[in-house]
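What follows is a set of structures to go through.
The same chain A turns up in both complexes below, where it pairs with chain B and then with chain C.
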Partner chain A sequence: MLPSSGGQPPNPRTLDTVKHANETPGTEQPWAELGLKQDEYERIREILGRRPTGAELAMYSVMWSEHCSYKSSKVHLRQFGEKAPDNDALLVGIGENAGVVDVGQGYAVTFKVESHNHPSYIEPYQGAATGVGGIVRDILAMGARPVAVMDPLRFGAADHPDTKRVLPGVVAGIGGYGNCLGLPNIGGEVVFDPCYQGNPLVNALCVGVMKHEDIHLAKASGAGNKVILYGARTGGDGIGGVSVLASETFDSTGPSRRPAVQVGDPFQEKLLIECTLEIFREDLVTGIQDLGGAGLSCATSELASAGSGGMRVELDTVPLRDSSLSPEEILMSESQERMCAIVEPGKVDRFLEICEKWDVIATVIGEVTDGDRLEIFWHGDQIVDVPPRTVAHEGPVYQRPYERPSWQDELQADDAGRLPRPGTPEELREQVLKVVASPNQASKSWVTDQYDRFVQGNTVLAQPEDSGMVRVDEETGLGVAVATDGNGRYAKLDPYAGAQLALAESYRNVAAAGATPLAISNCLNFGSPEDPAVMWQFAEATRGLADGCLALGTPVTGGNVSLYNQTGETAIHPTPVVAVLGVIDDVARRTPIGFASEGHLLYLLGDTREELGGSAWSQVIHDHLGGLPPRVDLEREKLLAEILVSASRDGMVDAAHDLSDGGLVQALVESSLRGGKGARVVVPDGLDPFVFLFSESAGRAVVAVPRSEEVRFTDMCGARGLPAARIGVVDGASLEIQGQFSLPLSELRRAHEETIPALLA
Partner chain B sequence: MTARPSPTSTLDGGPAGRGNTRIGVVTFPGSLDDRDTQRAIRRAGAEPVALWHRDKDLKQVDAVVLPGGFSYGDYLRAGAISRFSPVMETLIDQARAGLPVLGICNGFQVLTEAHLLPGAMLGNNHLHFICREQKLRVENAETAWTADYTAGQEIHIPLKNMDGRYVADERTLDMLEAEGRVAFRYLGMNPNGSLRDIAGITNEAGNVVGLMPHPEHAVEPGIGTGGTDGLGFFTSILKKLVNL
Partner chain C sequence: MARVVVDVMLKPEILDPQGQAVQRALPRLGFDGISDVRQGKRFELEIDGPVDDAALDRVRKLAETFLANTVIEDFTVKVES
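So, the complex of A and B:
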């Protein structure tokens, strides 16, 4: 496919040098196989004033891929900047490896969620493992010590045979890689829906902590500074991962694309982390970038275009795992566990010494120049001579046509409120058991027990809590909380509202744990941008998210877009996943979800309306998706969050759980099982028991209030205008809905905990 | 005293004339819980000392902990490569001469590979990594690392491993039982298929102890399991060294 010269000294007849490209303008080039469109290829020729060399073509093809260039999504993503709320906490915004947020006491936190969807379908273990590895290096490259990971996951129907292939592989990959890095996995999601059959979503999030002064940026400046590639040797794995894998729709009849998936070595990554942190401590780098998608093409062009000068790289000095690799392949390889640093000449020796200490291979492969070109040489012959910005930042931008799909009205008219409801208390009881035992609502501990949640010794909360929380400072107790949420069913019914509901839920989860929400990251998983209906979903979801972030005052710090999540004509539900980061002054004040103390009073906060569109109940009992998702009220979400945080800070609540899919009854069951205590609950006057238990109205939480704090708590809610209804008391070993039914916790536990192991173990 | 034990708590002391009690924590490439173990040592009131795998020098520490992790990626076999590192050369000799050594998880695997403790660790019988809060019974409260517990005491500490199934031949198991060298046993459930529910063992002299669960992750209220059941390992050794 590609002109190849081999790792041996070049054969002048086959090496496609810049000189050779100039002399042979008519050479046929494999731009289509590399995923480029005709007009994109023409543009490259125009930029260079000649045909590209094989190496240049390789670089442009990966960097101009959908995955790297955001060419279809860019015009919509701009809103995250344009509508950004004023927020002093944002230290580094969109565009760097990850955004950075001030959390006080001199600390900064960086976090980001990214997708590794396509590779994880083809090769679940390695796809998921390298997804973790990639996001961890992004966080590391900002100068931070990675302190936690989370994985929002979505799979096909829980009982589909292929789910049994994909899910255990993905979970083992996340565990196998993350556990070896010593990063606690503190949350995430596992969602099943037939729409993800053939297109599982494997998103990975990492959080890192640093002091303000430790922030590092990806730029190459200072002529004469050295470019050091360190970490694993470069191999033939993951070639074209971003272009041929992540940026096209799967065709089930094509050849296996397994060779485009990278292979991970967590041990090497662990060494890379410790080595890099030691290098940071001694202040040895002026710029740093991890190698992920698009490998060296990305790192060299991004570093060079962000800096003040140019860059010269001797590509034949790159340590190889396979000496037969061609220069094009070396530039495109997505071999894992590699970083690229810009180092002043006087600091190179010390840099290499630290690498040697950690058994990490490090090689000076080039230097920053005072020119404005990225120049790459192969055994002395020039094979790349490009303006780096044209590779890294000035790729194509598409205004893809979008149109509200013709079926949207019909879908929204198919109101879930018309579905048959349970007619008797016995039927209601039976449906409660069915819903809490359904794969989406069941306990996910079979999955999360395969992840280490204790390592580093700072874990305050981990799944199944509302959000994960880790301590940042041992002396003061400063901590951060992160939650990720997304509901593709809601987003399918209304992508604008669906994106805001994902934001609101994640925001609420962080607040329920007692942390103040600060900023967000997002991973936008959608079908093919070439389908106007999908593009409409994307446009609506980004608009909804940007408006929502403005309303809540939480800026978008960065994130990732994953398109082409579809097989043939069928796209996944639009699935914007939102991660909210919050801060808590003292983790000792965190609020867990579990009902642990008998006699504490249960209060339902917020308004319960009859909202069943996209609900867990409609899915489990009727296999139905239609109507409108719950109404969004972001002012209410803000108020609820303020109340939850104040209550936590002042010790007014003992437990809090947000209400989302599955409604109140799901929250009651989870809190009872978590804390080991049952609850006696009374249906408030004027509410239908079924709606009370199963409605998914947003902006709600259930809290357990010690009797001694009741007056103070209700006064606070009253004064600030938040509806708070006393609905019961923590008591006994059953969940009793008075006048309806009683369910022993032992029966609930069986229903809730046996489903996933039975399907997957 | 404040709620947070300070690095200079009342337990602080040490062998006469040497100042603080110093407990080494070895970092192998791929060690994960080394910093956590150092924190646990500090919380108990002793001084943690970082030891590096390439360094034969034990820096005159009074005891050593081999922490959890995946040293050398657990490639080949968990603990099999670490056992040959320079630091282990010195450590093996000194452990035989009585230096207190605690091996946690991967550290336990290293101790069996080094033949300081009998038996071996195989992959969990269910073939998955497992992370859970594990109930244990302290069977032997007379070792250097367990004296602050009482025999029969039940404790909750985290367990997290891939290769945690303790095995040995019947004769060795009988010997361990007869000599009271089963230090900890799993209660409630056996999480990995370990023979006779063994979670940890000691050598004959009681100075070398290894276990799969992680006491260093249960030393502070509100963090990890939320309890402090693991702190006893570190206060045990400290008291022993102070009272030398």
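So, the complex of A and C:
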């Protein structure tokens, strides 16, 4: 399948050099097997004015794959830049390895969420582990020390046998890799839905911290500067992973086509982190890039393209794990734990010295030239001669046709309001228990307990809190909070609103913990872009997200698109996952979710409407998905966030929990179980108890207010126009909905905490 | 009773961090001349009854589904006398 004699030792007679390509224009090339379309292949020939060599074809094919080139999504992603809100906090925007945000006191934070969906389906442990490794290197490449990771995960039905294969492997892989690196895993999500059967979503997020002056960018400039490849040796792993794995739909026969899976080595990565940070401290690099998808093809072409353009690489100097690799394979290999740096000649010795100290292999593989071509040589023969921009940044761009699917109206007309509701308090009680015990609403501690959440000693909040929070500065208590959210059910009903609801929930989660939301990263998981219905979902979701970010004043700093998440004709629910990053001046002022003090008053903030479309209740009780998702009001979300942050800063609230899937009752149960105290709750006049408990209206939170702060708090809400209804008091050892039912915490705990271990342990 | 041995090794193109760690330790301990180490797993199965083709097929089946992760590992089955 490889363009030349893959697996053979270098042989000048079969080596496809630039000269050879010029002489043999008619040679048949395996562009189709490499995932290129005919017109793309012809464009390569046009760019080069000849047929590409095998090595060039390998580079173009991986870099022009959907995964690397964003060729289907680019035209829509532009909105994130065009509609970017004015925000002084954004130091580095979209396009670099990750965006960088100013969090004050001279600190900057970089964060990004990426997908590793397809590899994790084929080999759950290694797929998920290398997903963590990849995003950590992205953060490192910006100049930051990685300080925390998070993983939003989605699987098929919780009781499906394949979920039992995939989930434990994914969780062990995330835990294994992250724990070995000594990075706390501070949150994320675990969601089950049959639509992810065969297409699990394994997204990975990393947060890194640096000082402003430490920001590093991925560009190669300065003729004569050396290109240094350092980290692990290059082997045959993941070859073609990008083009074949991430850019094609799995056929219904399952994982039959199995390219070599990447295997990670977290201890090597840890060395790479410490080595790289020491190199940064001594200011030894002018440009740096991690090696991820598309390996050296990506790193060399992107570095050269972002710089002045010229680079010369001696490919045979790359240290190999397997000496029989062909040049094409070396260029495409996705071996983990590698980085590429541009270093001034005078600093090379010191660079290599530091690498040696950390036991990291480092090799000068080339240099920056003053030309504008990327030239790659193999034992003296030229095998690549390309303008790097055409590989890295000027790939194909598609205006894929999109069309609102014909079934959308019918889906939206199938209102959840018509579903039979509990008729008696006993029935309501039973349904509450059923919902909080359902796999999606149940406690995920069986998963998160397998991660080290507190290593490094800076974790302030972690799952099951609303957001993860880490301390950045020990002296001042400055900290950052991150939450990730997505709701594929809402997005299926209305992709525009669904994307905004994911944004709003994540934003709300950060604010509920007491942090001010600053910026977002996103991971857009969708089906095949070749299906106009999927493309419409994508277009609507990106439009919604861009509009939402503009309204909330939180710019998109970067992210990732994962397409082709579908088996046969069936796509996953459109699943935009949004990560919001916030800053808190002093983590001692954070707000946890747990009800910990008896007598504190419970206030419900925001408006509760009858909104059941896409709700947890409709899924658990009726296995129903239809109607419209909750209404979005971003002005209200902003106001709510301001109130939550002020209340946290001024010590007016003791606990706060955002309301989202599962509604008020889910939040009450989680907060009660977390804090170990029950609650007595009164249904407000004029509200149906069932709607009160299960509606998923957005823009809401429940807070516990100490009696001494009640007047101050309600005055603040009143003055700023945020509805705040007193609904009860923290009390006792049960959750009592007056006039309806009472549920002892012990019974709730069993229901909430036994589900996941019973299914998966 | 006969013994069937299943050897499971990572596929040659797959990174073997444990083997590498062993290989790196060797020169430090004074053992020179070893250029590569690959580490695997060995299973010894005691078989009831005769080791005929049917029994070996069963072993291969269990090795493929349980002992080896064939996405990243290869295995061999041999009878030990």
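Just so we're on the same page, the second predicted complex is superposed on the first by the 746 of 761 C-alpha atoms of A that agree within 3 Å, B and C clash if a C-alpha of one lies under 4 Å from a C-alpha of the other, contacts with A are read in each partner's own complex, and residues count from 1 in each chain.
As a convention for this text, contacts are C-beta pairs under 8 Å (C-beta built on N, C-alpha and C of every residue); 3 or more make two chains touch, one makes a residue touch a chain.
Please read all numbers here as calculations on a predicted model, not as lab measurements.
Following the overlay on chain A, give me a clash-or-fit verdict for chain B and chain C.
Because the two structures are overlaid on the shared chain, the partners are seen to fit without clashing.
Look at A:Asp381 in the shared chain and tell me whether it touches chain B only, chain C only, both, or neither; answer first, second, both or neither.
In the superposed model, A:Asp381 contacts neither chain B nor chain C.
Check the residue A:Gly236 against both partner chains and state whether it touches chain B (first), chain C (second), both, or neither.
Second partner only.
Between chain B (first) and chain C (second), which, if any, makes contact with A:Asp290: first, second, both or neither?
neither
Should A:Arg321 be classified as contacting the first partner (chain B), the second (chain C), both, or neither?
second
Tell me which partner touches more residues of chain A in the superposed arrangement, chain B or chain C.
Result: the larger residue contact count on chain A belongs to B.
For A:Gly182, select first, second, both or neither according to whether it touches chain B, chain C, the two together, or no partner.
So A:Gly182 only meets chain B here.
Quick test of understanding: once the structures are aligned on A, what is the angle at the Cα centre of chain A formed with chain B and chain C, as a multiple of 10 degrees?
60
Quick one: is A:Glu123 in contact with chain B, with chain C, with both, or with neither? Answer first, second, both or neither.
second
Output check: A:Asp265 vs chain B and chain C. Expected answer is one of first, second, both, neither. What do you get?
After superposition on chain A, A:Asp265 lies in contact with both partners, chain B and chain C.
Just how close are chain B and chain C at their nearest CA atoms in the overlay, in Å?
So the smallest C-alpha gap separating chain B from chain C comes to 5 Å.
Common interface residues of chain A with chain B and chain C?
265, 267-268, 359
Taking the complex as given, what residues does chain A use to touch chain C?
Residue list for chain A touching chain C: 122-123, 126, 232, 235-237, 239, 255, 258, 260-265, 267-268, 321-322, 335-336, 359.
Would you mind writing out the residues of chain A in touch with chain B in their complex?
Going by the criterion above, the answer is residues 172, 175-176, 179-182, 265-268, 270-271, 358-359, 448-460, 471, 474-475, 587-588, 590, 761.
Quick check: in the complex, which residue numbers of chain C touch chain A?
Against chain A, chain C makes touches at 10-17, 20-21, 24, 69, 71-72.
Where on chain B does chain A make contact in their complex?
The touching residues are 4, 29-30, 32-33, 35-36, 39-40, 68-70, 72-75, 126, 128-132, 158, 160, 162, 214, 216-217, 219-225.
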